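Each of the next two complexes has subunit A plus one other chain: subunit B in the first, subunit C in the second.
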Partner chain A sequence: MVNDNTNATKVQELHAPPKPIVVYGTIFVLLFLPLVLSTPLATEILIWAIFGMGFNLLLGYTGVLSFGHAAYFGLGAYSSGLAFRYLDASLPVGIAAGVLAPMLLACFIGALAIRKRGVYFAMISLAFAQMLYFMALSPLKHITRGEDGLTHIPTMAIFSFSLGKPLPLYYFVLVVTAIMLFATWRILQSPFGKLLQAFRENEERAKACGYNTTMVKFWSLVISAFYAGLAGSLNTVYLGYVPLTTLFWLTSGTMVMMTILGGKGTFLGPLVGVGVFLFLQNTISLITPRWELFVGAMFVAIILLFPGGIMGTLEEKLMAYRMKRASK
Partner chain B sequence: MFEIPWNVIAMQFFFGIALGCIFVLLSSGMSIIFGLLDVVNFAHGTFAMLGAYAVFVMISLSGSFVVGLVSAVVIVGIVGMIVEFLFLKPLYGKDPLLPLLLTFGLSVAIPDLIKIIFGLIGKPVNYPEALSGTLVLGSIILPGYRLFIILFTLVALISLWLFLKRSDLGMIIRASTRDSLMVQTLGINVSRIWTFGFGLGVGLAALAGAIAAPMMSATPDMGVDMTMTAFVVTVVGGLGSLGGAIVGGLLIGLVVAFTAFVAGEYSSVSMYFCMALILLVRPRGLFGEQGRE
Partner chain C sequence: MLLRTEKICKYFGGLKAVDEVDFVLKKGQLKSIIGPNGAGKTTLFNLIAGAYLPTKGKVFLKDKDISRLTLNRVSRLGVVKTYQINHIFPNLSVFENIRIAAQVRKTSYNFWRQAASYRELNELAEEIMTQVDLQEKRNWPASTLSHGERRYLEIGIALATKPEILLLDEPTAGMSCAETNQCAEMIKKLNTELGLSVVLVEHDMSVVMSISEEILVMNEGRTLTEGTPREVSDNEEVQRVYLG
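Then we have the complex of A and B:
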């Protein structure tokens, strides 16, 4: 009986939402990131971290693997890029376009496929992402500029404050990241967030309790597409152009690897995973262009040895340590 | 649009079937692996790519196309069994998404390894001389190699069918697909059957890559497109159904060939539209069992 109780607390503590200090502390640390890393790399980390938070909500907290998140990221990037370039849209309008289009796409894909079994949904989402990739590559070439990517996007400004320089841009992206980090924290505490985790743990049981699992998974996908689209449009602002690779399957795959590396289903996992991944990628590609070999091999090793990722494994170790001390 | 002579259409049909045959081999391997192991093999196309490189190496070593083809399948099949034994076995019984993720990791790493060994540029594989001619039937011209692909696929599928239906091992494989626990209870080492089944499925992928190699030459990055095609065929045909893989493969082959002819720029997109359509009309795929998806 005693054993049961400790197990219950363990599970509860493992999946408890983080304390407020973690959220504010993370934002505080991120304020000084440009002092340690180069500013462009730091900006890139934040953009991918936003993407990762949304992806983690779907994979880590809901337990749905989408292998086609590049579709939402790329569609967000292209939507804002097209709005900036052809319609002279202002920054908020462009970002709104980059967020809405992926959410609509998520509604479409979700309606078609979210009911499917896990692996089946992964395949279908990937196929839809490839569909978008090939559409942008060739049939829509006259708008998207095909393989060259969408260039000549004007430098953005917010309140007549130019985002052309790296440092102002970093702090602009940081403000957005902070908002999204806070939003994620609130979502996880909400009844909706609890439902997501209930489904991941035992979908049949949640269904038996009378919850409509399909609808909750559907909304989880749409919210996740919001994050991905936001990250995509920030990426457009950051780069000043939209590369075709934003829609490429490896972008989805990279997101999967980053999230698993950091620890799926942990609050800070995506941020840590993105940071470590991009840092490794930057370092290894200085030595050899064949960084995919190392990254792929590392990923295989993680799946086999530490499926919890960095943060998941750390949390487990911490729990084990606390249990040991408590039992003494 | 309406001025296309019938013999051109017949030739497109023929090209479509030949392309479809490659897809059939590819996806039947995927289907066997999924049916037996419940693993979606993300590295399926990567193994097809290995098959294309293996046939390139073996042909340059032996000088014979047939020897190259057979040894390519055997080599990649053995590589597949080693992969299953080392990497997939530890993951059975855990989260069903882990094998998919693991094979995804392989599909990122292996092409880079091939780039290091063989270089970035693809390796051309020559047509075997006996098959480089054409067959002329009235006003229809059929390239010999594509005819060979069709006949060869037919022979391969019939042998596969006979193997699964008539041999003892085939029977055990079919039984394990249905209920592996029961087979285990009867005293058969199912773990070994799984290893063999993975090798068989991957061998079929290698066969697809190897016979496709003379038409598109072996390149390191060909794998992902082949994986994607196998996914689409699987969704269209129905997950884990061999019949679905055959009909779906031929259908997608025809769709790609005809769109390439009518609207070239849509040729890569067409199969995804086809998939979306099937998902709307018949979500479990043409031959899928209800509830398996």
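Then we have the complex of A and C:
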């Protein structure tokens, strides 16, 4: 009996939250990312990774597909940008604006549509995102500057420490990324995080256990909007302007692709997916302007090789190996 | 009287799946619902659990009207159902399957404290794993369990929510003969030792006859007869319905 238990402990749940060493190890590795990649690319990867972590919480862990996550990312980017440009907001205030506005939007969209299942919810979120896109494009042109994007955003500083240079900016974003990685890890092991996973596994049963599954989905969406808004806000600080494309449906689509590429429902999946995607995009676009064609082909190839996404398939293989050993 | 339905009806279009059924469950009772295929057993069961809204009639839990409550609200009041086809959390471990169900009475929306740090929940989950005999599979993903073990886990999940009334929908479906006997024994034990009131929908007559205190026989959505196993098996009408 005792022996059985020790054997059994080697078997892990599929897509279980990782050990602490994985979280700290990842942060440690990210410290040296600018040595391998160009600093702006590394910064971009971190920003999108934050976006991805939140998106993964919703798609990978709760099992809800939002096809309009650009709404939260873009609204975060614009809210910060507008606060920086027109109100001379400090960095923390601007970021707070960039986080709060998308969360409120998520409350609104969630209250309206979270009961809808699968593709209906995906379409409703897409519709809202496109609505925001066209609002920014034309009716609100006098403040958002429409197609040109919101420019003339001052360089930010934290504790009178300028973030104008690439390297300080990278490490600032890294600190935020580290906090969010840690937070994600905590959330996944909390009662709420466990509930998200149970929910994805079997919504009906979670309901029969007494859980109000609509509320679970709702809060998952709001938390996810927090991440997206934070990422959008950092993107504004990083670029020094807000491109209109942050609200475009292609941004949502790219996010879905990155998450699936990395492995939805895995802890490091978004980071890996974002890293691979942006690296390919940056490298190939140096050679040819038709980079989408090649990235697309590689996406197909990777998904054929790793049906569960890169990290997803690796985890499955690892688990199969462990179970084989444990049952020996 | 713990639970009772009052002339409860469920129509699906023109089909009267359940028609004016009065079902009464006393505290601590183990009561079965039987009947031929399509008699409305599972529908009645789902009406009690809150999975369906009744077309007419009412369900009372200790004189509280629960007819219009949804599945999750009824579950919180202590009336918890299991499923005919396994509804488990396949990619989570056996322990986690049970622990998640156990946390429903304690916490759901805490997103910072570690779930593993709730000692009483861990203990409850361990206790239930012993009750349903799954200790050895503690850390295995539920998807790797055998059919019989999944049926046990199904019951374990329901037990973890600390129900007052356990609604079991064909718990021995697909089990071998030996497994069926073992499972029947376990159900009886839950009833006698834990004092759980149990409603059992079951196809296997030997199980029903051996462990039920009372049986409700349904046919074509209506109550055919009601009584002890002895009375029911002696009833001519029941014999006619079952043997044709």
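Definition applied: the second predicted complex is superposed on the first by the 298 of 328 C-alpha atoms of A that agree within 3 Å, B and C clash if a C-alpha of one lies under 4 Å from a C-alpha of the other, contacts with A are read in each partner's own complex, and residues count from 1 in each chain.
In this text, contacts are C-beta pairs under 8 Å (C-beta built on N, C-alpha and C of every residue); 3 or more make two chains touch, one makes a residue touch a chain.
These numbers come from a predicted model, not from an experiment.
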Which partner does A:Y211 reach: the first (subunit B), the second (subunit C), both, or neither?
second
After the superposition on A, what does A:I187 contact: first (subunit B), second (subunit C), both or neither?
second
Taking the superposition as given, does A:W219 touch the first partner, subunit B, the second, subunit C, both, or neither?
second
Quick check for you: in the superposed arrangement, does A:P307 touch first (subunit B), second (subunit C), both or neither?
first
Looking at the overlay, what does A:S90 touch: subunit B (first), subunit C (second), both, or neither?
neither
With both complexes overlaid on chain A, does A:T39 touch subunit B (first), subunit C (second), both or neither?
neither
Contacts of A:K116 with subunit B and subunit C, given as first, second, both or neither:
first
Touched partner set for A:T245, first subunit B, second subunit C, both or neither:
neither
By the touch definition at the top of the document, which applies to A:N282: first (subunit B), second (subunit C), both, or neither?
neither
Under the definition above, what is the set of subunit C residues touching subunit A in their complex?
49, 51, 70-73, 75-76, 80-81, 83, 87-93, 96, 99-101, 103-116, 118, 135-141, 144, 157-158, 160-161
Looking at the complex, which residues from subunit A come into contact with subunit C?
1, 4-5, 8-15, 186-187, 189-195, 197-198, 201-202, 204-213, 215-216, 219, 223, 319, 323
With touch defined as at the start, can you tell me which subunit B residues reach subunit A in the complex?
40, 87, 90-91, 94-98, 100-102, 104-113, 115-116, 224, 228, 231-232, 234-235, 239, 265-266, 268-269, 272-273, 275-276, 279-280, 283, 292-293
Within the complex, subunit B is touched by subunit A residues 65, 67, 112-113, 115-120, 122-124, 126-128, 130-131, 134-135, 137-139, 141, 249-250, 253, 256-257, 260, 290, 292-293, 295-297, 299-300, 303-304, 307
